[in-house]
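Each of the next two complexes has chain A plus one other chain: chain B in the first, chain C in the second.
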Partner chain A sequence: MNAEVRKIKTAAELALVDAYAAAKPKLPGTGALKALREEAFKRFDAEGLPHRRVEEWKYTDLRALMRDLKPLAAAPDAKAKALAKNAGKLLASVESRKLVFVDGAFVAELSDLTPEAGLTITSMAQALAKGDALVTAHVGKVVATNDVAVALNTALMGDGAVIRIAAGASIARPIHLVFAATTPSSMFTRSLVVIEKGARAMLLESHEGASDYQVNAALEMVVGDDAHVDHVKIVSDGAAALHVSSLMASVGAHARFNDFSFTTGGAVVRSQLFLRFDGEGTVANIRGATLLKDRQHADITLVADHVAKGCQSREIFKSVLDGESRGVFQGKIIVRPKAQKTDGRMMTRALLLSETAEADNKPELEIFADDVQCGHGATAGALDEDLLFYLKARGIPAREAEALLIQAFIGEAVEGIEHAGLREVLMEAAVAWLKARG
Partner chain B sequence: MPAVQETVDQVRLIDVDQYKYGFVTDVESEKAPKGLSEDTVRFISAKKNEPAWMLEWRLEAYRRWLTMREPNWARVEYPKIDYQDLYYYSAPKRNALASLDEVDPEILKTYEKLGIPLREQEMLAGVVRQDSEGNNLGERRVAVDAVFDSVSVATTFKEELKKAGVIFMPISEALREHPELVKKYLGTVVPVTDNYFATLNSAVFSDGSFVYVPPGVRCPMELSTYFRINEANTGQFERTLIIADKGAYVSYLEGCTAPMRDENQLHAAVVELVALEDAEIKYSTVQNWYPGDANGKGGIFNFVTKRGDCRGDRAKISWTQVETGSAITWKYPSCILRGDDSRGEFYSIAISNGRQQVDSGTKMIHLGKNTTSRIISKGIAAGRSNNTYRGLVSAHRKAKGARNFTNCDSLLIGDKCGAHTVPYIEAKNSSAVFEHEATTSKISDDMLFYCRQRGMSAEEATALVVNGFVKDVLQQLPMEFAVEAQKLISISLEGSVG
Partner chain C sequence: MALLEIKKLHVEIDGKKILNGLDLTIEKGKVHAIMGPNGSGKSTLAYVLAGKADYKVTSGEVLFNGENVLAMQPDERAAKGIFLAFQYPMEIPGVATMTFLRTALNAQRKHRGEVELSTPDFMKRVRETAAKLSIDTEMLRRAVNVGFSGGEKKRNEILQMSMLEPRLAVLDETDSGLDIDALKIVSEGVNRLRSPERSMIVITHYQRLLDYIVPDVVHVLSKGRVVKTGGKELALELEAKGYAEFADEAA
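== the complex of A and B ==
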């Protein structure tokens, strides 16, 4: 009842305040960028870490889940770089341009910086320090949000990628942002990707690491008119890691925007997607697959905000929950008064493999225009006994039959990825996960 | 298509903000002093000659309420309610009555105008039951408890119900005549501390209905309560408690109307249902409080807590609601499925027009094994209204084999209204099977074209489509109410058709 009465800061909150005060002089950026940080920090200071009384964080009580703050990551030394050498190997079979970030900092020598027409790459730390025009124009402005996790990222953002794809350019190889964590520290990365009119690109993002670390990653994406963008994010963080990431994307007219989130790692994962469809006639496919075991907790929170008319969005999210894991999906489709003829369909399905797993679904519709077709579906349940029986009757052992059905379940989401190689890699990862399950 | 014709006729007859039941009855009334304090609570308790434990219960609720905050999570906006500027008790004078003949004729006239039969010989017009061969089974009878502002003014068919062992009386009377029953069940479904409005209600409720159906008894007739707010600046806080003992069955209807007034009036009711083993309770509401005028002036603020507890195995509770009135609706009739194999149902039509704001839905809490629930919700938004479905379905660790099916559809008429869906689906064990689907759309041009091609006017076509849209829910209503509800739907939508 007394939601707002809360003045005492937790250990993690106090540590964040201290960390900001200590890091402030060294954080890159001056003038307006500095003011942006300051303002974002003030929001955090006033509101604290999000907790279960904050509606959007109802199922992921970060205040309770984040017990302490790991020290802010230091610049990676030779040892860290050596550890990160093989990072991103899950996608080794996919021909891509790798940009490697070790403990939140860009490492040029591990990255592929071969020049390509229409492609500009800089590190966020440099861009912030220089007051790069692209960064000042877009950072913190792509999609306005009151989210405190985003505010924290803005306050403490260190490094990341700044990528610009010029109008009409078609980037041949996928650009792969590899985020590797090697020390028990906390990292705040911020990336900005601007895809200009009619350009085409595929962006891969993978997060991995072994130790007990904390990631707060934010990615802002500006998708121009007629552009075609694929974004695939893979969270395979270490079993003790805390991963909070936010994607903020504004999409122009007649664009194609495909997004996929694949989550298997991390102790606590919160993936937020704030998408705004600004131009008419855009087609968006937002999908995800989550495979959890033990005591993992993963939360995907999606807001698809339709501002312009005639857009189509399709959302499919699948989660497979084993052990005592908890899968959360919150998806909100907003249709503004001017977004007539919006066609939105959202489907979220949870498969519970153990007695003790938990699935929480909150698919929301918020509609202010009358000439729309919007719908959502949500299901939760165990594997279908009849289907299992059917397979077993044909001589397939129970465990194998289960695995087949689970693959088919995940497959429905994965098959929407346009890149064939990537589809295979993710299906293989799902199979490996099933094998590890025993 | 007589039903459609009727709908269209109704639409023609009534203008947009002409609320049919908006008249004021001129009766002398007795009020508690304005404002809320311990004295008000004591005044109400004393008025009702309540036992001491009841006063204590109320005072505890009041003290608790003082420490609570008004909830603000719902998608409704309203000016701050000044709880000290309300009358918490208003009763027509001469209310200690021996028979119906002593009821103030003005009040009788009011109910007559509302179409509610208080005289037992009167039957609901035009409804004759027939068996499968078409033979008349005699008129269908409904026992009525009429609540006028803060008190119950008349309860019909008491004697006959008594023969069957059914207790149906105002709760104030039940507190005196059956204190053991009331004490045993009151506040066990909606605890005193449940929420801001329920706690307020616990402190100041003045009347409402009490129903007890003994083991194995099928209540011989429909029971119903008609609530009427008449006085200005009066809050209505009624409390309904229905208990169906082992193997019992009861169907209960609730209707509500209020005069048109420029200021907003507060209605904060609590309804508690208890179904023991193998019992079934069917609770239907046609909510037609004054919705305010076209500019959003006036209207009832309806903050209601309704909850049913399937306490025994194989119990069943079914909520059916047609919500057309109120400036603000904040209402989530819920089922706690505690007993194994128990069943909860929720059927709802919520229609908003003008500047109405509806935030309504249900909660299905699965606790027992093999419990099932079903939610069918149809929201229709027109004018400048906002219509939100907010619902929770949850299965706890031990609720093996829990099943839920939810379907919530919204229809938008016009481009200035909003329709929202906020479902919470929480499965905490793997044998729970939950399915949820929701759609939002407008009346399709194809459907309208199809109808118009066959010679129907735009109005008729819209009415037909809307009736088809809500059919699933209307079918769940007792017959008398289904007709009334259908009319209400067309009235509410007037001004938006076409």
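== the complex of A and C ==
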């Protein structure tokens, strides 16, 4: 019996079908963009929400975790904008150019649109509506994926940032995309960042909010040859929020690509990174730190696809899991036949602070070339008793000794961030998390 | 009153008896050496005094200044003035030596109801103390013991001891893994800390260390008990004859 048994849709799936039908006439973009949405929606319609029998979603059963669909977010009113006024304040000490999105919509009056040579910023809704050339050239095309969460984003994408950094330009301040949720709604943001040859930029992305909202955020990034890009994403969503985000990046030759995911918020978080190295000699550092408590669930799923030869990728992901939380890391390094001399190393470590926390680590290597160096490692365990004893024997109380070791554990991942101010912000956030733990 | 009194101490680990009715009294300001063959319980004694959880005290008493040490957590014992220089100092990735020292010192001060040391005062003290032990400031910025040589780790233990100014220092085989130059630096560091107010237990397998740190009293430990006590000449006797005599005696 191979018959397809599951055709009955869940409440959330039915609501998504209805929401798409209702929103369709108003969603920005015509022609090829409209067709792109339609095709993406069909994929969702056929497959439904990803569930545990889909290998890539094995540990994060979205169909079970997403009980319902919050209504699609309305355009933010004055009240919503007022609520979002202080959004992004975690990064207040880092001088940046803020671009603020309230309930998924770009809010120009809260954003810094001061002109800068080599930098072009548009809202995605506007770019889609007028069929902007950059958008039609790249949206949905940067890294091909069959992922249904990405398909849902494509079908329902509303607003986001479209940023172009011209060849050779070096953008002085980090660009900070602030995503603030103020209502119990669902938001589908889509952003596109094109960093041309030899350009340099730092992109920060933070997600926050208070109520039980649902975020599906996608970011496509095109990194040109010799470019240098840092991307740091901070998930400090509210305790009841559902957060699904997908980064799709194609990286050119001799580039530097540094990515960091910092997660402390959200009830259910799924961060996906689909990275493809298209040009030779690129160096990439992909890192992350996750601190979870209570019943939080956070999943980082990474695919680093080496297409061109001689690239180096380092992946370090650390998680600290307390209470009944669950941390998932799935990392796959693919080395295509032409990607000789690839040097890939992936390490994931989970620190379990309670008997009831759970870590799931799934590292994978798929190697089709014969002259490569690739490795992966995964560990999960409690704090080292002998180390704790050493600290206590010096007079440091148990809780403080634990905090010191946890900070050091997270610090090993954070110290790879090039921006000193940002390193401090993240370590302070980790310390605040530890203090809240008591 | 004696600073430390150990009475009929019985200790086991994983059901195996290590200390069998150990008695030991240490007066204020005295340096006691504890020697003995491997497996005689020397390191166990050190760990039990510091409060390592794996060791189970089945009977006996340990009094420090008349207070029951066995009822205290390791950090409380440290704050009261008990310091263990580890035989194998731990490496702590990600925690700078400076941060570690400062956290420890201030935690102890806080426990004793004293004010925290200001940053300039702390820095001044740590620099001066480190210099005397030939520890450069670069080493203080590095993570605790990570990538340190055996000698550097032992010097770091003495640095911690010098900063924390304990009332009772327990040195567990501080000489192991040291060459003669490092042994001199470490011993000089220890000798600088000798004072009428501070007592020490120097645990060693070899007499060599005691040429540099001259003890007031020497004890021989065998099968978890003190089997002989004497002056510093006892150490020389042991060096000449070995431990065979005591192993037989306790058997």
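One rule holds for everything that comes next: the second predicted complex is superposed on the first by the 434 of 438 C-alpha atoms of A that agree within 3 Å, B and C clash if a C-alpha of one lies under 4 Å from a C-alpha of the other, contacts with A are read in each partner's own complex, and residues count from 1 in each chain.
The rule is simple: a contact is a pair of C-beta atoms (placed from the backbone, for glycine too) under 8 Å apart; a residue touches a chain by one contact, two chains touch by 3 or more.
The model shown is predicted, which means the values in this text are computed figures rather than measured ones.
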Key: Partners on chain A (chain B, chain C) - clash or fit   = fit
Ask   = What is the contact status of A:Gln407 with respect to chain B (first) and chain C (second): first, second, both, or neither?
value = second
Request  = Have a look and say if chain B or chain C is in touch with more residues of chain A.
outcome  = B
Inquiry  = Under the stated touch criterion, which partner chain does A:Gly381 make contact with: chain B (first), chain C (second), both, or neither?
reply    = first
Ask   = Which of the two partners, first being chain B and second being chain C, lies in contact with A:Leu365: first, second, both, or neither?
value = first
Remark   = Expressed to the nearest 10°, the angle that the Cα centres of chain B and chain C make at the Cα centre of chain A is 70
Inquiry  = Looking at A:Ser354 after the superposition, I want to know if it touches chain B, chain C, both of them or none. Which is it: first, second, both, neither?
reply    = first
Ask   = Which value in Å is the smallest Cα separation between chain B and chain C when the structures are fitted on chain A?
value = 14
Request  = Find the residues of chain A that appear in the contact set with chain B and again in the contact set with chain C.
outcome  = none
Query = Any idea which chain A residues touch chain C in the complex?
reply = 385-387, 389-398, 400-401, 404-405, 407-409, 411-412
Request  = Please give the residue numbers of chain B that touch chain A in the complex, ascending.
outcome  = 68-69, 71, 73, 196, 397, 410, 412-442
Ask   = Where on chain C does chain A make contact in their complex?
value = 50-53, 73-75, 77-79, 83-84, 86, 89-90, 92-95, 99-100, 103-105, 107-108, 111, 143, 160, 164
Touching residues on chain A, where the partner in the complex is chain B = 1-3, 55, 337, 340, 350, 352-382
